[in-house]
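Going by the order they are written in, the chains are A, B, C, D, E and F; count residues from 1 in each one.
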Amino acid sequence: MATIQPVVLFFVFGVLAGVIKSDLKIPEALYKSLSLFLLIAIGFKGGVSMSKYEIMEVLPIASAMVVLAALIPLTAYPILRFIGKFTQADAGAISAHYGSVSAVTFAVGVAFLAAKDEYSEGYMVLIMALMEIPALVTGTILARAGASGEKTQWGKLMHEILTGTSLYLLIAGVIIGYYAGMTNNVAPLDKMFMDLFMGVLAFFLLEMGLLAASRLKAVMAKGVFIITFGILFPITAGLFGAYLGWIFGLSEGGTMLLAVLYASCSYIAAPAAMRIAVPDADPAVSIGASLGVTFPFNIFLGVPIYWEMAHWFHTIPV
Amino acid sequence: MIIELSGKKIMNNTIAMKRFEIVIGIEQLEQLTELLDRCGVRGYTILKNVGGLGSRGVRDPDDVLMEEENVMVVLACKDDQAQRVVNELRPALKGFGGMCLISDCLWLEGPAISY
Amino acid sequence: MIIELSGKKIMNNTIAMKRFEIVIGIEQLEQLTELLDRCGVRGYTILKNVGGLGSRGVRDPDDVLMEEENVMVVLACKDDQAQRVVNELRPALKGFGGMCLISDCLWLEGPAISY
Amino acid sequence: MIIELSGKKIMNNTIAMKRFEIVIGIEQLEQLTELLDRCGVRGYTILKNVGGLGSRGVRDPDDVLMEEENVMVVLACKDDQAQRVVNELRPALKGFGGMCLISDCLWLEGPAISY
Amino acid sequence: MATIQPVVLFFVFGVLAGVIKSDLKIPEALYKSLSLFLLIAIGFKGGVSMSKYEIMEVLPIASAMVVLAALIPLTAYPILRFIGKFTQADAGAISAHYGSVSAVTFAVGVAFLAAKDEYSEGYMVLIMALMEIPALVTGTILARAGASGEKTQWGKLMHEILTGTSLYLLIAGVIIGYYAGMTNNVAPLDKMFMDLFMGVLAFFLLEMGLLAASRLKAVMAKGVFIITFGILFPITAGLFGAYLGWIFGLSEGGTMLLAVLYASCSYIAAPAAMRIAVPDADPAVSIGASLGVTFPFNIFLGVPIYWEMAHWFHTIPV
Amino acid sequence: MATIQPVVLFFVFGVLAGVIKSDLKIPEALYKSLSLFLLIAIGFKGGVSMSKYEIMEVLPIASAMVVLAALIPLTAYPILRFIGKFTQADAGAISAHYGSVSAVTFAVGVAFLAAKDEYSEGYMVLIMALMEIPALVTGTILARAGASGEKTQWGKLMHEILTGTSLYLLIAGVIIGYYAGMTNNVAPLDKMFMDLFMGVLAFFLLEMGLLAASRLKAVMAKGVFIITFGILFPITAGLFGAYLGWIFGLSEGGTMLLAVLYASCSYIAAPAAMRIAVPDADPAVSIGASLGVTFPFNIFLGVPIYWEMAHWFHTIPV
């Protein structure tokens, strides 16, 4: 079994600080600055490595992987609605969270591969950026279909999804990285966006730990179902992602990252979108499940498991 | 120096006015300032990063994941203006949530008139 | 539109209420909100990062070494509720320091009831 | 629990006072606190990072290029003190801009006296 | 024509985010931190490279270049007053902005030279720091001469100019860099102030883009004159700077940087000074012209143009 | 005499900015972010180098050095109480500050050794983290013993000391650094926590200068005693520390760092603890002495002096 990376220990110390009620606090401006950094840096890195392929070649495969991500909320919804007994609004909103992705989980996956010196396809970043769209739209439809009450604000929702900070900065990072790669000008920017990546991730994980700790109560209140769901669902989604990655001929690293994307769930972009699209859903539940259960599971156990999955598929003789 | 609530000058160099104290979500602030502009209001004060408890539960601007923030708008104006604000604000507040308190106050004359 | 202080409806679409304005150190905020919960208060507004002068001298939230911060809590409620708050708050404030001002106000009807 | 505006104790355990609510640019805050010190004021509360609209147009503390910021100072004091503050403040406000509202309030007895 | 550097694309994405009303926001504390960084880093870099000359040798030339900068507002004023029909206060204040300099434009110029591996004189930073003084003083005189109303607060103004953050941190950076260079102690500080320079500039340009977008309306309201002025004036000032640089015997890189300094205009130090000195001027106009027109022009087209100018002068046989 | 390091000049420019009333300001969020960084980085660095010894071997020596730190407030108290004529509360609180340590002074000491390429024991960081405990407890006892008034809130105080940000992050950094060192995974994190250390220290010292300047008045009001005490006491404590280091067989670098720890005094953790434990002490006095006198003395003169002390002891033939 793969060793735990030092960087994820920062998450542990964040949670612990919350639990023992340390006065440790991450200034809000730092948290926001770090997430800007991570989004740009992830995009930039992906863009630089994308500058080495023919984009047009990968486009159809990438699009397929994005579109198929709509299956995730479609699978999650009935489980949440009929086994979990959530309201339609909550079940739809949680589905949208699980269909959407977590850039930080992705970053932990990238760090995992880097520690192993494993190759992965740069355009996985693009897939990450675009996967939000089908997931959030599908989740919203599930939450609102046939529901009475105010009409869904589709215009506002699509604006939020398409211009939201996460998608926007990832894409901006990809384009700038791509341009820098094409014009051989990566050099002066990499000191920031590549060299410091892991250190910034460390700080961010510390804060994520604090935030997760602050959500523990909300998770506990929902009991066994949400914990079970928050662990079993990502494993299943990750398996599906790994399978797709293998089918589509990704490298082992890329296969694992696709599994991570399918398995990870959002706690920033999705809540923002759901506030607009499904205002009657309770954000405490979806954020609690996403950040309090699935996120820690993914960064500690999920990532190594998805790696094993990717590895296993790649040993299947074709 | 007793304040009489009769709407005329009651303390030297002061003018009787109405004070509004409105608390709403920051996402409605633009609509509110436009509404106040439409009423011809010429001065108000905005305090951001406000939290609180209300019918929608706790709203904490320091919670980075929830992204909820209230604003408080304090506004002094003359009685006739006040009536106009009340008329416009009441229906709008139904959509906004939040609250609006109204009370009497005296405006200390001196600075440029902005009411 | 004259505000009469008799505790009944005095302006169209408004309800006479009491307005509390409490300033305490942030370290006591949790105790205060618990106290208000106990009194059955259903709405209040919290402003953080507040400074000031009082019996304990200057408190400046911008002074990074001193780590002193006040909060202001604004609260509107009906008269009976107000009496309960006064009864609970008075002994607590002895420990807290700070201040509490009470005044009359009108609540503009419209938004969901949170008082 | 009706508040009578006669300047004497009117509710159990409360003292009738005047409440000042002053909004000025942050660049004048030091002058204002010195003025209040001169008047013998022993307590006030300062809220920074305040924006608003007034005779000088919109002032937005979040606009990093304009560097405009208002502060709100809330101050409770007894009537005689209040008169002194009014006398000093009026001429000063001419230079400052901004606004000053005065109203009646009750001070809830309990914490150390800081007025 | 020289290629556009990747770092300036961050400006483009900042503007675009503003235009499409993305919820992208740079925390105020980050913006302020980045500008502290840039000022210190620019100063430090200049100081380190200054430690390689005899300071006394360059002092007279440097002083001349600083003093001659007073000509910029003297030229701008009549154009603004009589062609642009601005009030005396506004014309004077805008002149002060254009006489003053933009450290970020300078930084983009330095990055441009770095990408070309071109040498430039380190003391250009000192000139930048000091150029503010004659520009702001001249602009104030133009704005106030003969004007009625309150007396100019010269004491307060000079205090603001001389102790303002920009000038202060540039000079502090120069002195510390000079000392570090002399004592051969640059090494541990360069990881921060040199290696990260470009990455910090990237973030800063993103925010500048957002800020510029928020000023577009104000610029549009002033129409054709301000746009024409905002482009033609810096070209002229840049040409004058390039000419002076060549006359004074600067290297090609130094000549180009002097052109950049003469062409660039301020949107931080000058507004702060003008608020004090010319309170009746409308800051929206001067910041709009400076940040909405001249800044983008300079970083995209101006810098390469000033480079061509410098190059052209240096091909003149002496 | 050793040369002054460039990084401490940032402190000078911070003080100067305060004195000339420059509008230079460090955003609060930046200050807090930088101190999080420094604590983690100091811990991490120590942890990495600790991963090279057998921890169990050093534990007894380290514990002894921690416990003996309780002697510092015991020595300071009578001087402050009977010569300085401070109240019991103030004398106790100031003793606690001087018994406690300053991570930034320690960092300047580490930088001093780095510039000289001198070895020091990594576990000094652990000693620093733990020294707070006996110092703050002893100081509190001194301040409160026999005093009337409210009872000391020992529970709250111990919680504050043990879970306070400084101790917590230092220990977290040590553990993560230790783990990274053991598993050979330091590499991606060192770009942040080691390479940028000096640059971050520079910014932090700039802010410390501003803060110190803002305390000058409070110090001056207390006059000659506090200045004398603020200089002579750390020299004495430093001598004691150097002696202990030598006795315990530390390297010259380690001996010097122990002197620095004994000599330095706190202005962050101690004030927080004393607010809880000794609310009737005036924080202006202790912070003024600590930050306005002892801190600058230590970083400019103290550090080189403690180095000479360490050197001198090590020349004694055993």
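Just so we're on the same page, a contact is a pair of C-beta atoms (placed from the backbone, for glycine too) under 8 Å apart; a residue touches a chain by one contact, two chains touch by 3 or more.
Predicted, not measured: the structure shown is a model, and the values here were computed from it.
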For the homomeric pair subunit B and subunit C, should the interface be classed as same or different, according to whether the shared residue numbers exceed half of all numbers used? different
Farthest CA centroid from subunit B: chain F
Copy-to-copy rotation (subunit A on subunit E, CA atoms, range 0 to 180, rounded to a multiple of 5 degrees) logged as 120
Chain at maximum distance from subunit C, centres defined as averaged CA atoms: E
Sort out for me whether B-D or C-F is joined by the greater number of C-beta contact pairs. B-D
Please compute the C-alpha centroid of subunit B, do the same for subunit F, then give the distance between them in whole Å. 49
Find the geometric centre of each of subunit A and subunit F from their Cα atoms only, then give the gap between the two centres in Å, rounded to an integer. 41
In subunit F, what residues contact two or more other chains? 27-29, 32, 195-196, 272
The positions of subunit C in contact with two or more other chains are 5, 47, 49, 62, 103-104
Could you run through all the chain pairs that touch each other? A-B, A-E, A-F, B-C, B-D, C-D, C-F, D-E, E-F
Touching subunit B in the complex, subunit D uses residues 5-7, 18, 21, 23, 47, 49-56, 62, 70, 72, 79, 82-83, 86, 89-94, 96-104
Would you tell me which residues of subunit B are touching subunit D in their complex? 1-5, 11-14, 17, 19, 33, 41-49, 74, 76, 103-115
As the complex stands, subunit A meets subunit B at residues 28, 31-32, 211, 267-268, 271-272, 275, 283, 287, 291
Complex interface listing, subunit F residues touching subunit A: 27-29, 32-33, 36-37, 40, 159-160, 163-165, 168-169, 172, 175-176, 179-180, 183, 185-186, 188-189, 191-193, 195-196, 272
Where on subunit A does subunit F make contact in their complex? 3, 5-7, 9-10, 13, 17, 20-30, 111, 114-115, 195-200, 202-203
